[in-house]
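What follows is chain A paired twice: with chain B in the first complex and chain C in the second.
Entry: the complex of A and B
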């Protein structure tokens, strides 16, 4: 089995939230109590029991409404900063699957609040979440249990439009770059987000921050994290 | 649907209007995306900027209830710019037909209006016939009384300026939409239309559909791959439910419901559509065969030629009775019903003016509520502001199996009858609906047998033998719907072949009017034959490459995947668009290749049969004299509207709608107490009144509470901030909602004045979850389309106010008034 990646094409996302619900279902994660807050985005944020969240971002531009959808999830970094920081803090909860590259959290491993904060801060995409009752950490698993049986991740399997894609990293990178070329004709600002560093590659057509505060990591942030990791791993 | 969801991928231009396809039919967006990948233009026309709009190449906003003005402008644009398909219009539509010179139209009224009856004498609108009874035509389309010229004249008034003044759609947006969709008027281009309740739930609902029928006929988009008029059905089997006649005005297979004035089968059969034109196939001429076969399916051996096959046992409507939904609940409200089965529905939430419905339910002696979960209907007696002690209605709740817990078929929007298998047993005492009905009727029959009754014959004579080893057998029902040969037929009149008694009829072509065949629904005849259960097929072969998949499930009629497909070829039977060849005449072997054609007749040529075989004249109706409110669609304002005067004419509202008066039926037009237009809708995460989805925690997590979408401008006007609790009030009721202040809604400029609009979903109700909110239909009016009586839930007037700050519990109490 080869290195895997997601390609998330936001231009094809209709925010049906099939991925969000399928994720809950496959992982048997409970629903949280929510209220209507004046937005369709619900639950409000990722959590210990919400690994996949469609973020809704709306604003007006030149008198016209703009509404972006961002099916947020773990980026499954090639070199995950969260894992490095965890190791620094002697936290053994994080591992990386050797074949797929999935970054995996063991929610049964107790992590102190301080350690968790450091791990969360290490993630430029603000993904890790923690449960104050069990003191465990959780996030997207890449459905590695499905993938190892030859199945697609639940979120990808359920996506009707082709926004969610998954496969061998080479194939996904090729698909992402091909699609970027097409989309650029109409949307010159289109870009792939941090695709060199991550296994969850988002295609957006506008400034990433208009989708979500943590949609993209500044390259220097990632490089800093990697640099830190090299130094630390070496020492 | 004339076509199928998969066929969207074949379109060059997709017009989604009167529906919100990405949100309400999310999986179908796969095929729209396929079309977009090919470079198709996707247009969304809607009062609101929705998740669908985000994927549109062109988005145009219009005021709710002004679709005819919008589409009337498109008709004018197509005519003015000669964008129509001239060959198609001349040969395949009634554009050349001559209309009675008494037809006329003046200031919003067609000829023949009687204000005291609020009705037209529609005979003045008839098509002219020659001495042989054949429609008169002018193939040059120049005659002043021909349909084409009348069409031009009627829509000449729908100028861009007027359309903009009515709809609030900027002129440049109108022109963008008109030009893009109008570009499909050439044979090598296909334009499809996707609509839903946004077009139907109006007092001009049928005429909205007529307007697009005219456009699709002008552009030659009917009967072709990537074309058609496609009603996106709101439930997986709602197509099946209408096919099987879950409506008052029809019996299975779209046969008219018998009425008191047709006392005998011969009287009934006299109403069979007739045509004297030898070039018109007029397929409905076969109706007597389908009625006789249906009666044989109902009454078996008890149905004989001598007793009219038991026709007398069928219930009859009064001569002009309209027993549709709104009238039904009006009668219930007046106390004219004893009992009521609410089966798989939730009228206390789903019905327009649901407050009236709840009062009506209290007038019953008994009600049986059959559903997967309890709902606001079954529990109306313990609802808000209801004292159970004061309710006399005895309510029985019957839990039924969910779709995964039973075997059977569903018929989807594309007319596909798909077999589904049971994957698990229903919980507890829940049982499949079929079993419940089967056993219930067994008990009714037994009671009648024991105790007789006023008129037991229809009940005692009904053939009711759908069981195997004492258990309800859904295959026996499916076979009955298809139909059997009831006697040995040594030489069938159709093909001179022999058919044995007890075998399944291969297709409706073999049905007879003499009692030798049965069929529970003629359009489904060929679905379950001696070759097996066609609906259970799952082969993925696609010989045309168009995605017809002819061996996947089964489509009515006779597995025809795109209806009216004879209109896709020229007079010689060659595909007009060779790149998307749906049908082709193989002259050498004298047969059609491709989809199942609309009848086996050779190509039309100069003397052959016309393509629209279900229409009495054999052609598409640009002019439609069969409706109650006019042969051409005309813009009228919704019953409740924000402007004093209809910009098109002196007739503010549709002149033939029924006005319910008195009791809880109150309305407000141009009333300063209710200044804002309101529309209702659904979101992806919930289904209908939420009976199934509100109990699913993950869906409730995603859409937990009633909300009201409000523009930033209106929010400012009313001092409302995003997330505030607000009250939405109409003359019928008052509900709370959470304000969703958004740039996706905008005020309209209508005839120079600002008109605000708000939008509310109708998924929520008081029963579950406890803080989900009250249902939107507490606000909607009891008024319907004159042809169908579908309620006008998409355009009515409300007020929106910020809820005063008070402790949460008090606030809840207040809204339950």
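Entry: the complex of A and C
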């Protein structure tokens, strides 16, 4: 089995939230009680029981309404900063699957609040979540139990529009780059977010921060430095 | 450092510290530690029985595969990749169809709230069906119109309306429509059009 990646084409997303629900149901996570906040985004944020969230960004630009959807999830970094910081804090909850590259949290391992905060802070995309009752950490698992049996992750399987894609990293990078070329003709600002460092590659057509505060890691040097530090450590 | 936020800066520091400390201690981060729980776990639908069905919600009619365990309990429901219409895809409602069978919030007993009451009480199916039948008879007798103002035979019941249901299948809809027309209803509506 080869190194895997997601390609999330936000231009095809209709925010039906099928991915969000398929994720909940496959992982058997309970619903989250929410309140009306004046947005279609629901629930408000990722959590210990919400690994996948379609973020809604609604605003006005030059007198025209703009509505962006961003199906947020773990990026499954090539070199995960959360794992490095966890090991610095002697937290053994995080591992990385050698074949798929999935970054995995063991929710049964107890993590102190301070250690968790350091781990969450280390993630440039603000993904790790923690449960104050069980003291465990949880996030997207890449549905690695499905993937190793040849099935697609639940979110990708259910996507009706082709916004969510999953496969071998080479194929996904090729798909992402091909689609970017197409989209650029109409949207010159289109870009792939941190695709060199992550296994969840987002295609956006506008400035990433208009989609979500943590859509892109900036400056890129942060992850580049991390990449180098790991090369250094590994040598 | 222009344009670098506090958060980014903290991240840079953490990264720098990580590189420094680990390399000086001679830690090797490259080998994989123990496999996480997900990797040890078998696919939970591996030995399940798969039954193809059609989504009960909208008229697109997507295909669903329902997985049941040895005791016949529903353990998963997801898109049917062999279905010609949906090819494995499901929207948020279809993707949640597992909960039609398994949900602790699902009502399992008939509940009744009397007019002007603010509380629900549990009643039996027999009681509820009898009550519904009596109410239908009462309203129909009261509002049945045999002839309109022009003296034409219309045989209609203006006192009852029907709204719903999107969760009915084709055959149920046929039976339901037949029953409503037999009663003389003309106000027959579906929530998808409201």
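We adopt the following convention: the second predicted complex is superposed on the first by the 221 of 235 C-alpha atoms of A that agree within 3 Å, B and C clash if a C-alpha of one lies under 4 Å from a C-alpha of the other, contacts with A are read in each partner's own complex, and residues count from 1 in each chain.
As a convention for this text, contacts are C-beta pairs under 8 Å (C-beta built on N, C-alpha and C of every residue); 3 or more make two chains touch, one makes a residue touch a chain.
Predicted model, so just to flag it, every value in this text is computed and none were measured.
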Joint occupancy of chain A by chain B and chain C, clash or fit: clash
Winner by number of chain A residues touched, once chain B and chain C are compared: C
Touched partner set for A:69, first chain B, second chain C, both or neither: first
A:60 touches, of chain B and chain C: first, second, both or neither? first
Touching partner for A:148 - first (chain B), second (chain C), both, neither: second
Partner chain(s) touched by A:160 [first = chain B, second = chain C, both, neither]: both
Which superposed partner A:18 touches (first chain B, second chain C, both, neither): both
Partner chain in contact with A:35 - chain B first, chain C second, else both or neither: first
Partner chain(s) touched by A:46 [first = chain B, second = chain C, both, neither]: neither
Partner chain(s) touched by A:205 [first = chain B, second = chain C, both, neither]: neither
Common interface positions of chain A, toward chain B and toward chain C: 16-18, 20-21, 24-25, 160
Chain A residues within the chain B interface of the complex: 12, 14-18, 20-21, 24-25, 30-40, 42-43, 58-60, 65, 67-69, 160-162
Chain C residues within the chain A interface of the complex: 3-4, 7-8, 10-12, 14-19, 21-23, 27-30, 32-39, 41-44, 46, 76-79, 81, 86, 88-92, 94-96, 98-99
Interfacial residue positions of chain B with respect to chain A in the complex: 22-23, 26-30, 33, 49, 51-55, 683-685, 697-707, 722-724, 738-744, 746, 771
Contact set on chain A toward chain C in their complex: 16-18, 20-22, 24-26, 81, 83-85, 87-88, 92, 95-98, 102, 104-108, 118, 121-122, 124, 141, 144-146, 148-149, 151, 154, 157-160, 218-219, 221-222, 225-226, 228-230, 232-234
